[in-house]
Amino acid sequence: MFSRAYRTVVTAPPLVWVTIFLLVPYALMFCYSFWSVSSLQTIVHSWNFENYRELIEKPLYWETLLRSMWIAARVMLFSLALGYPLAYFLSFYAGKRKDLLYQLVIIPLWVSYLVRAYAWKTILGSDGVLNTLLQYLHLTSHPLDFLLYSPFAVVLTLTHIYTPFTILPIYAALEHIPRNLVEASHDLGATPAQTFWRVIFPLSIPGVVAGATFAFVLSLGDFLAPLLLGGPSGIMISNIVVSLFGAAYNWPLGAAISLGMLVIVVSLLFVSERLEKKWSFA
Amino acid sequence: MFSSTTPVATAVPAQPTSKSTLLSIRNVAKTFGRNVVLRDISLDIAEGEFLTILGESGSGKTTLLRIIAGFESATSGEVWMGSERLDHHPPYRRRVNTVFQNYALFPHLTVEQNVGYGLRVAKRPEAEIAQRVSDALEKVQMTAHARKKPSKISGGQQQRVALARALVNRPRLLLLDEPLSALDANLRRQMQVELKSLQREVGITFVFVTHDQEEAMVMSDRIALLRSGELEQVATPREIYSRPATAYVAQFIGHTNLLRAEIRDGIARCGELSWRTPLADGPALFSLRPEQMRLAGGESAPGLSRVRGRVVHQAFHGATELIRVQCADGLVLVVRAPGGSVGQNDVELEFSGSDAILVRESPERN
Amino acid sequence: MSGTSHVSRPRWLLVHAVAVFAFLYLPIAVLIVYSFNGQGVGGFPPHHLTLDWYRTLFADGAIWDSVWNSLQVAFAAMAISLAFGIPAGLALDRAQFPGKALFRRLVLLPLILPGIITGLSLLMLFNLSNTKLSLLTIVLGHGTALISVATTEVFAGLQKLDRAQEEASLDLGANYWQTFWRVTMPNLKLPIIGAALLIFTLSMDEIAVSFFLIGRDNTLPLEIWGRLRRGITPEINAVSTIIFLFSMVTIVVWYRLRVRAEGGAEVGAELVQTE
């Protein structure tokens, strides 16, 4: 139906923009990762593998990466654990309030990351609301240290931020399940619990994969929450990158790590897309 | 108005002869908010019979089926199966299975797994499941497709799988919610025959819901005609056709001529038509089927009534023609004549007065 | 019909739902409450309610400057994202061309990529091209990242569009361009407005990408961030409260628009799909 002129007009501008501002930057990042920094704090365009060697040899980077993955994994699991039942409730049992409750879910989704991270910072501090509340209720006698400036705080905050991100695709997947399948299952003798595990959950897997991927990938690359709430023990891989582009001034090394992260993320997206396809039954 | 000897069909549920009652629906009513969908339905369904609940959309037929299945609960009234209250159990504890309108096959399971679902849920041994599933698939001729997913088979095939999935559990009652409505005409006719013979073979009680009166006539042992939430008539197809209880039944099933007549001294008069009748004096409504009228030729036989008219429309239906004839007073009659009859403009029709059946009025209901 | 009307709702499910909503909203509620607290950010219980912090906020010049900067950036980003995102949405829905799958993935990538990667890669581009960091570079960053939002919304809107309408238009004698402007675009009005609202909000709140592209002028989130590094003041609670209220209103308006356009309740989910 559509002429070549239309096709060109419609695909060319975004393609050009995306090439200049996405593809070229990634390509540049690739180039940077093979360069190095001179003692005069300038970037030297000499091509070598030093950065990659450093990454592989020094344990710091591996450890931080693994710790970041562990934090991201926990965020993903907690977000799913919190989000799935809520999505299920919303889809199957919310009745008349469905619309209102759905809006209540998406509002936190788009409200500023900073606001929410800041909120937790004020709550978890040693003079913060939670500690003073606990002392006020005589549940504790002194402030709990681990609440803030720890991986715990990072996981908690990121879970708070990314739970709505998991609720949405799971909810969408659940909504797409024809209700007569649930009735058919009951008709054939399955209790609601059996129906959930045999029919509803399997059909919701694409939504679960999408939500889990989102939570994991975004948590993995997060640097703001660790800076605000992580303390020395909560440093994540992106924080290393940030400092390499800041005070530690080693752009090439930072680029190498970023490139590594890009590769990891794209691979995860690829896997996730495959999984979703495998579990969709039109 | 009616004498006690009048052979008028009634709407009281006719009890089928030699069988016992499996399902007893007693005074069931259902209201959604302010919408009254079912009013005071009472119906007994016999063991092993093929009963069709027939009605237009909005008549409440699907709601009634869902109440039996357990997906809705009646606002008032009771449903009994044998000596037990059926409506006290959730759907997964009833020995009732349903074939859904859009089949509701599980898209993530193969045909085999779909059919075996109920048995797995009941934790039957695997060997038994395999055997029963393969038997069921064979009965519906879907053995070759056992490993396929529903998206890979046609609508007609999905329908068979849905049937197998329900029957394999050996329910006491099988409910079918307009299962053939998504099929094209030829496939539909074929499935009607197959369903009927399948039911005879397995001997399970079928309750079939449809809006298609021809389908109901072809398949059923008895038909329960539902209108606006009330039962108009419950009878065998032959009886419901030849002895409709009300004007609605007469018009819904097949074609008919509704004649509003005045009876005086044993003669019923409707416009130019008149015929002998043993009924008492007064106004009366009659139903006369098009095939009970004939294009007259030559001498009229005694006892037959005649009327003149002009042909206004003729429709060819293959084996028969459906001819619309307008009488002098404006009354239009529908006559069924053998296919190929050439309708001249002016014709004379004849019929026997005893073929005119007295029917009750069907007042408007909301 | 939810398919479960004959089943009673499990109690634990309701409890869980309430608990999760509490988890999502209590921290924000605390934030808001403490913006009125005379004693500042910590301590329980709050007492001495006051509007002082809001007064301080309104007198704070630097904050207002950054708000103005953010507004400029947001509108510019909106323009860019829509200008490139709408054609991209049309391309994905209608046109067939080689590499379409790659194109789609590329356009949608920034939505799921951590902001740091988008930000840093652009930083390197600006560095090598000797572009000075400023509000302009932030605009370019936001625009790039948010094209995917416009694309997804337009695409979703197009999917719901009945092709028969366009075919009817052609049948009645309109050519392709006329059909596009008279039939297709009017149906895209609501999704485009919705996308604009969403892009605006996301740009105003954006911090991860902006972090690396900032020049001399701060956007609002970066201004707040700077202060956070120096120490917490309840003034930040006040500005956070206001941000929250504005965002909330915008999101609700966006949601209503989308529901009016499509009637579906899974509004927003398309942005969180990876496919």
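For reference, chains read A, B and C in written order, and residue numbers begin at 1 within each chain.
One rule holds in what follows: a contact is a pair of C-beta atoms (placed from the backbone, for glycine too) under 8 Å apart; a residue touches a chain by one contact, two chains touch by 3 or more.
Note that the coordinates shown come from a computational prediction; the quantities given were computed from them, not determined experimentally.
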{"item": "Comparison of B-C and A-B by number of C-beta pairs in contact, larger one", "value": "A-B"}
{"item": "Chain located farthest away, centre of subunit A as origin (C-alpha)", "value": "B"}
{"item": "Approximate Å spacing (C-alpha centroids) for the pair subunit A, subunit C", "value": "16"}
{"item": "Subunit B and subunit C: spacing of chain centres that average the CA atoms, whole Å", "value": "57"}
{"item": "Length of the line joining the C-alpha centres of subunit A and subunit B, rounded to whole Å", "value": "58"}
{"item": "Two or more partner chains touched - positions in subunit C", "value": "6-7"}
{"item": "For subunit B, residues that touch 2 or more chains besides their own", "value": "70-71, 90-91"}
{"item": "Where subunit A touches two or more other chains, by residue", "value": "180-181, 183, 186"}
{"item": "Subunit A residues within the subunit C interface of the complex", "value": "1-3, 6-7, 9-11, 13-15, 17-18, 21-26, 28-29, 32, 82-83, 85-86, 88-93, 95, 98-99, 102-116, 118-123, 125, 127-129, 132-133, 136, 160, 163-165, 168-169, 171-172, 175, 179-183, 186, 192, 209-211, 213-214, 217-218, 220-224, 228, 238, 241-242, 245, 251, 254-255, 258, 261-262, 265, 269, 272-273, 276-277"}
{"item": "Subunit B-facing residues of subunit A, complex", "value": "178, 180-181, 183-191, 194, 198-199, 202-203, 279, 281-282"}
{"item": "Subunit B to subunit A touching residues, read off their complex", "value": "69-71, 90-93, 96-98, 100-102, 104-108, 117-118, 121-122, 149, 151, 165-166, 169"}
{"item": "Sites on subunit C touched by subunit B in the complex", "value": "5-7"}
{"item": "Subunit C contact footprint on subunit B (complex, rising order)", "value": "70-73, 90-91"}
